[in-house]
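Pasting a structure here, questions to come.
The chains carry the letters A, B, C, D, E, F, G and H, assigned in the order they are written, with residues numbered from 1 in each.
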Amino acid sequence: MRSESNNTMRLTKNSKLVMIGDSITDAGRAQPDGEGLGDALGHGYVALVDALLGATYPYHPIRIINKGTGGNTVRDLKRRWQADVIDLKPDFVSIMIGINDVWRQFDSPKQVDSHVYIEEYEATLNDLIARTKSAGATVILMTPFYIESNRDDAMRAQMDRYGEVVKRLALTHDSILVDTQAGFDSILSHIYSATLCWDRVHPSKTGHMAIARAFLNALDFEW
Amino acid sequence: MRSESNNTMRLTKNSKLVMIGDSITDAGRAQPDGEGLGDALGHGYVALVDALLGATYPYHPIRIINKGTGGNTVRDLKRRWQADVIDLKPDFVSIMIGINDVWRQFDSPKQVDSHVYIEEYEATLNDLIARTKSAGATVILMTPFYIESNRDDAMRAQMDRYGEVVKRLALTHDSILVDTQAGFDSILSHIYSATLCWDRVHPSKTGHMAIARAFLNALDFEW
Amino acid sequence: MRSESNNTMRLTKNSKLVMIGDSITDAGRAQPDGEGLGDALGHGYVALVDALLGATYPYHPIRIINKGTGGNTVRDLKRRWQADVIDLKPDFVSIMIGINDVWRQFDSPKQVDSHVYIEEYEATLNDLIARTKSAGATVILMTPFYIESNRDDAMRAQMDRYGEVVKRLALTHDSILVDTQAGFDSILSHIYSATLCWDRVHPSKTGHMAIARAFLNALDFEW
Amino acid sequence: MRSESNNTMRLTKNSKLVMIGDSITDAGRAQPDGEGLGDALGHGYVALVDALLGATYPYHPIRIINKGTGGNTVRDLKRRWQADVIDLKPDFVSIMIGINDVWRQFDSPKQVDSHVYIEEYEATLNDLIARTKSAGATVILMTPFYIESNRDDAMRAQMDRYGEVVKRLALTHDSILVDTQAGFDSILSHIYSATLCWDRVHPSKTGHMAIARAFLNALDFEW
Amino acid sequence: MRSESNNTMRLTKNSKLVMIGDSITDAGRAQPDGEGLGDALGHGYVALVDALLGATYPYHPIRIINKGTGGNTVRDLKRRWQADVIDLKPDFVSIMIGINDVWRQFDSPKQVDSHVYIEEYEATLNDLIARTKSAGATVILMTPFYIESNRDDAMRAQMDRYGEVVKRLALTHDSILVDTQAGFDSILSHIYSATLCWDRVHPSKTGHMAIARAFLNALDFEW
Amino acid sequence: MRSESNNTMRLTKNSKLVMIGDSITDAGRAQPDGEGLGDALGHGYVALVDALLGATYPYHPIRIINKGTGGNTVRDLKRRWQADVIDLKPDFVSIMIGINDVWRQFDSPKQVDSHVYIEEYEATLNDLIARTKSAGATVILMTPFYIESNRDDAMRAQMDRYGEVVKRLALTHDSILVDTQAGFDSILSHIYSATLCWDRVHPSKTGHMAIARAFLNALDFEW
Amino acid sequence: MRSESNNTMRLTKNSKLVMIGDSITDAGRAQPDGEGLGDALGHGYVALVDALLGATYPYHPIRIINKGTGGNTVRDLKRRWQADVIDLKPDFVSIMIGINDVWRQFDSPKQVDSHVYIEEYEATLNDLIARTKSAGATVILMTPFYIESNRDDAMRAQMDRYGEVVKRLALTHDSILVDTQAGFDSILSHIYSATLCWDRVHPSKTGHMAIARAFLNALDFEW
Amino acid sequence: MRSESNNTMRLTKNSKLVMIGDSITDAGRAQPDGEGLGDALGHGYVALVDALLGATYPYHPIRIINKGTGGNTVRDLKRRWQADVIDLKPDFVSIMIGINDVWRQFDSPKQVDSHVYIEEYEATLNDLIARTKSAGATVILMTPFYIESNRDDAMRAQMDRYGEVVKRLALTHDSILVDTQAGFDSILSHIYSATLCWDRVHPSKTGHMAIARAFLNALDFEW
């Protein structure tokens, strides 16, 4: 455990971090608040980030609020951005979105109104980042991912295109970048994707831990 | 509808067909009997085969009994073969097994005692076919499948090896062969696998219909 | 499977088909949308039509939306026609209604306000067809049915009168006609009605398959 | 209400009456005892007989035990006759069986092992009556019924044949006969069968009251 | 069964009868309608009256609607009289109310605002009868009851006072009177109250049959 | 609170008290043990005795085990006396039994095999007391009760006769006597029985407190 | 039992007592009314006070209404004071609040908006007492408590500070004071806190009895 | 992430680790196997250890089996040691036991048969370790803990005595020692115990992460 004095972690002490996204972020969090005792933060990477910070830096409290909602695309985030992000006056906001934007194109090809194509994705995400920065918060951008090692797979290839958008926006906006896809890729070089989950999207606890590690390492967390 | 006189379907009128396998065959069938009113045949390809025959050949009754059990490997079939197949005195027996034999190698790599490797698979299946033929029934062999179009995918490649075993045994034993993997492949050339299911194993109704079609076409069914 | 080039099926590629009716159509579909993954299309003939098309014509996608609602009469359809049909901008609309219009006269003879007599039935159905055609959609009319082989049975005789209305309107409006009652009759000449269902209204999977066959054959579907 | 002195009802005061049969008799009775407070007698004609006797002849107690079991045929009754009838040392035993013996021939034609044909039905029922008389109890025989007014209907015609067996055995054994089918027929001349129930077997409260009336009238009950 | 021609029962053929009251009337009826297939009329005397009429006079249909609501006093009936009685345009209206008006004085003596004393009871009931007659319906008044044979018991004595009010109003308004308390008293001279129910208020099926008998006998019903 | 030094309560410090009886004693206790954290002692007088002792004499622990079982008569107690009393090696044993012995005679008059008449009651109870004393435990006898102020009521009169048996046995065996009926009578001179409970047997919390007071006062408890 | 004539208890006969607070007071009371038959008063000290008064002073009725709500702080009480206290026109009002005001500071240190600090606590409570007195009711103030014997424990020390506020306000307003913390302390000198409950807040039945005793003793109750 | 070559973690690659204990270890694991997909390892430190190893060392698989059972003391472990540990042929066995051994002395002081005193604790644990070593497995001993910072608290002091036993046995048997109490103490110097849990025993996710960290650090895990 780092001593209290030489802590260099990038989340400021006593700051408020809102984590928003889709079902991966949601993971069964309390509705509507996403904060409180028990399982209010859900069972996914958000709860793991909170537990890792709490157990490792007990002298450096970070208030985490989970605002993930299952099934969301960036179009859904836009609808609830004011209430679920800006109104909470966060110091940090992490965003992991895009999986459903891509997935619907592959599992529901006939329902075209449910597809969020890449132009809309980029424009909307860009707008949300800008609004968040204007409100004074630091943005943490997480790439969407697909737990498939074959980069020629049609859906993986498309997910990578959306991931490239996230990386470009992180650069443009000088945001912190968490490359979750890269985190999974380093594991997939050793095990088959089905070990982490059957649907290549909703990870096991090990998969959520991989996301939490990628997140914390991007923030200079030390174990 | 074919007229009653020129019916050439290979299942004999008033015969009894036992269909056995894993969760794909099971599909929520009644326990323990797998036969009766309502949803006793489950919601999968077995029920579709029954419905297609009943609606198309009402003058040519076939008694179908579903003996699929979720999670089964060929090792499990062996344990219950006497009670669930031989004792029922069937005229026809269809077998679709192997998916879990392969899957456990990929989703539970550390639990090696749950893996059924290809030698045990072939020997056991060969034995079950022989016992069934000795009991006077005609055997219908269905290949296991993986709903993934990339034949280089590690689990797809392994499933194909098990499918080759099935094809070889069909030839050896002069059994009827249903190439379910080929049935899926002709669909996967037009749509992405996620449209048929998320886990590449448990198909949607469309996927079950694809299996039922492959099955019936191998029996010279006419719509 | 027909090859992609010589497909003569009457549902246009990439078209949208809304299927509306009572509990036979509903069959446990998702509320309120009647579309999506899993069992959103229910467990009846609508899901079977979708599965048969998907498995047989994977290169020719048809978007199907189930708008059946249990217990509905044509009077109920009228109330929700704008929201559940017109607003969806369908290319094709199938209608199977009339069973409850007749049934209430026989199972609830004292509750006369629940009966929809034949004049109201014809006038309302005529109006709904006209509105649908004006909106640019092709109408597919399905006769209501009663799974009883005795045509002198009081309820069967009444159902046949309503079926005659449907046939007349199909002619008048140049709509596609699906004679579901005829589909059942050809089966009932071989088996007793109780084999298909106990209440002579809600069919087993075999019965739903008979409806799906009648529907698809009217559209020049090839297996 | 008859006065206590001139009561001519055929059930002896303080006697024990066991009523056995299938789901019509069972009607949700308490398991395994079929006797006690609350709904222990179920919701069918047995409970109505008990309530009618209790409300009309409070000075003349009859102990009623419900031993109906859903789905039973006469073959099932035979299996449990010692434990469920003889061991209870009843004074009177009513038997209504045969509906499932017939029904399975019509709703499950392929499952021939579930059919109880008329020879087995007559022989078994004859044997049960003889054993009951030997044990000193008076037997009350109730005809099985089918709530269908068309006597040419295949299943109704078959049910009538089984009913003739019951009438013949009542004569042979000098048992009390309850013609439940006749009770229904007098109602069906005024209303359509669906008013009493959808499946023509499990009656509404009105139908159960019709059975209770037929039963009590055969015993010279006075209102 | 009376023949159709000499039927002298006082409920007119094809008339509508609304039965209103407290939990004894309610008895688990369908909410909000109190009419329809299955158990819509509940499990109490209302359903028994319907079944007895249906089984005995099938040629003389009476439409019965159950509007009982558990816990109601006459004060509650007043609040819903327009919607639950007058708006239904009944031909006959039966009222059994008063048990809770009295009971709360004995089981909740401290909660005086829940007590409906005899002056309010009489005035309100008088008003409801008058409104009903003005609307053209025939009123059937049923006395409230307490299943206790000791007339000196404090609650029984109070219930009898309320019963006297009902009898007086029946005379004043020339309504049909059903003396349910007398119906129970003739049974209680033979058995202890606990045989009919433990709480002396909610009767067993036998008790409900006693009410139904008292009701039908007041209407010149013949078995 | 009494000081620790002058405590004269008759339950010895650190002693074990088994309390046995029917549903009044049971009151939802944990099965099978009747001891432990939470609601293991149930919600009735046993739990109140435990709580009153624990809150008033924290320095004088008494281990209480609830062995009440709903529906029990003295005949049932006899069957489980060895396992549920003797084997626990108690220092004190309280017995409250007899309510069901009497009640079944009044609520189930026809089921005579469920009645325990007074001779069997006395003989059995006498035997249980003797066995308990032989095992070295002090016996506390509680009279059964009926919450009815009218001593001429048939069931109350019978309960009083059983209570007299208990009083006589307490004298004979020099046991501690708790007159629970007297405890209720002093309350019933002020309020109607329905205030304490509807069925005159299962008391409200106030009624259970009345039993607990009678019990503790018989043991010289001081508040 | 005190005789009716020399009763000196401070709650006036036939008066109404509203008891308000957090989950300790609530204890599963009926929502929204907190009054009525069965478990309407919950399972805590409120129900015990009611039962002790009812069993000991049956001639001196006190109407108790439970208005506790789980999780409440004094800030929540303020919001509902008019509806839940003043509008009920009580004669006596007991208040036990403050546990959650303190607890949130210790179990949710990061969620500072959920903390009610001591200045707000005192000002708000003072205001509620004044409003209640103006409405003519006598106020009974109960100290909040923490079931921990170590007075140096950080949360116990803070709870004691809030308890001092309550004592000061009791003096200022001439209210009746119930020192619940003192009640627990006298028990904790004999047993470890875990015997009364695991979380040091929600007491067992013994703990609730300790509160009830402290409450009643402050009102000169005699056993 | 450490590279594959310089991995110095003490759990051997492809080894099997059985983790046994009480409810802290159990944490909702699958019964009876404690291994498999989904939540089979429960929600506590066992699952976190598995996830941390899986995400950090994907090239170094460790098979973990959870054999914790809620409420267990060392006496319970002894009963199931052969079946749940030895028969599994583990390479490593972690044991965390003692919390209930101590707790029962404090929350159930009267139930002395549920207490496991320190002599029995040490002797039994010593025996289990010896048997495990004889079977060829490496033992990892974890101290029991109490999440209370006051070392003078009676239960904390007792838990520390049991912890000393564990440390002594670790030394004697040359086992790996995990000082979980020390892990909690370093956190409790910054936050109040209620932040980690209300009952000072069952920790939040943060508390379980603290145990996992202590465990992994004792095995030279690197993040």
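Assume a residue touches a chain if its C-beta (ideal position, glycine included) is under 8 Å from a C-beta of that chain, and two chains touch if they have at least 3 such contacts.
No experiment lies behind these values; they were computed from the predicted model shown.
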(message) For subunit C and subunit G, which third chains touch each of them?
(response) A, E
(request) Please give the intersection of the contact partners of subunit B with those of subunit H. (result) A
(request) Tell me which of G-H and A-G has more C-beta pairs in contact. (result) G-H
(request) Matching residue numbers in more than half of the contact pairs is the bar here; say which of D-E, G-H or B-D clears it relative to B-H. (result) B-D
(request) Could you please state the distance in Å, as a whole number, between where the Cα atoms of subunit C are centred and where those of subunit D are centred? (result) 41
(request) Calculate how many whole Å lie between the centre of subunit F and the centre of subunit G, each centre taken as the average of the chain's C-alpha atoms. (result) 32
(request) Determine the centre-to-centre distance between subunit D and subunit G, using the mean Cα coordinates as centres, and give it in whole Å. (result) 62
(request) Note the residues in subunit F that touch 2 or more other chains, in rising order. (result) 37, 107-109, 191
(message) Following the definition at the start, I'd like every touching pair of chains, please.
(response) A-B, A-C, A-G, A-H, B-C, B-D, B-H, C-D, C-E, D-E, D-F, E-F, E-G, F-G, F-H, G-H
(request) Under the touch definition given earlier, write down the residues of subunit A that touch subunit H in their complex. (result) 1, 37-38, 41, 43, 47-48, 50-52, 54-56, 58-59, 186-187, 189-191, 204-210, 213, 222-223
(request) Going by the contact rule at the top, pick out the subunit C residues touching subunit D in the complex. (result) 103, 106-109, 150, 152-155, 191-192, 194-195, 198-201
(request) Spell out the part of subunit D that touches subunit B in their complex, as residue ranges. (result) 107-111
(message) Under the stated contact criterion, what part of subunit D meets subunit F in this complex?
(response) 14, 35-37, 61-63
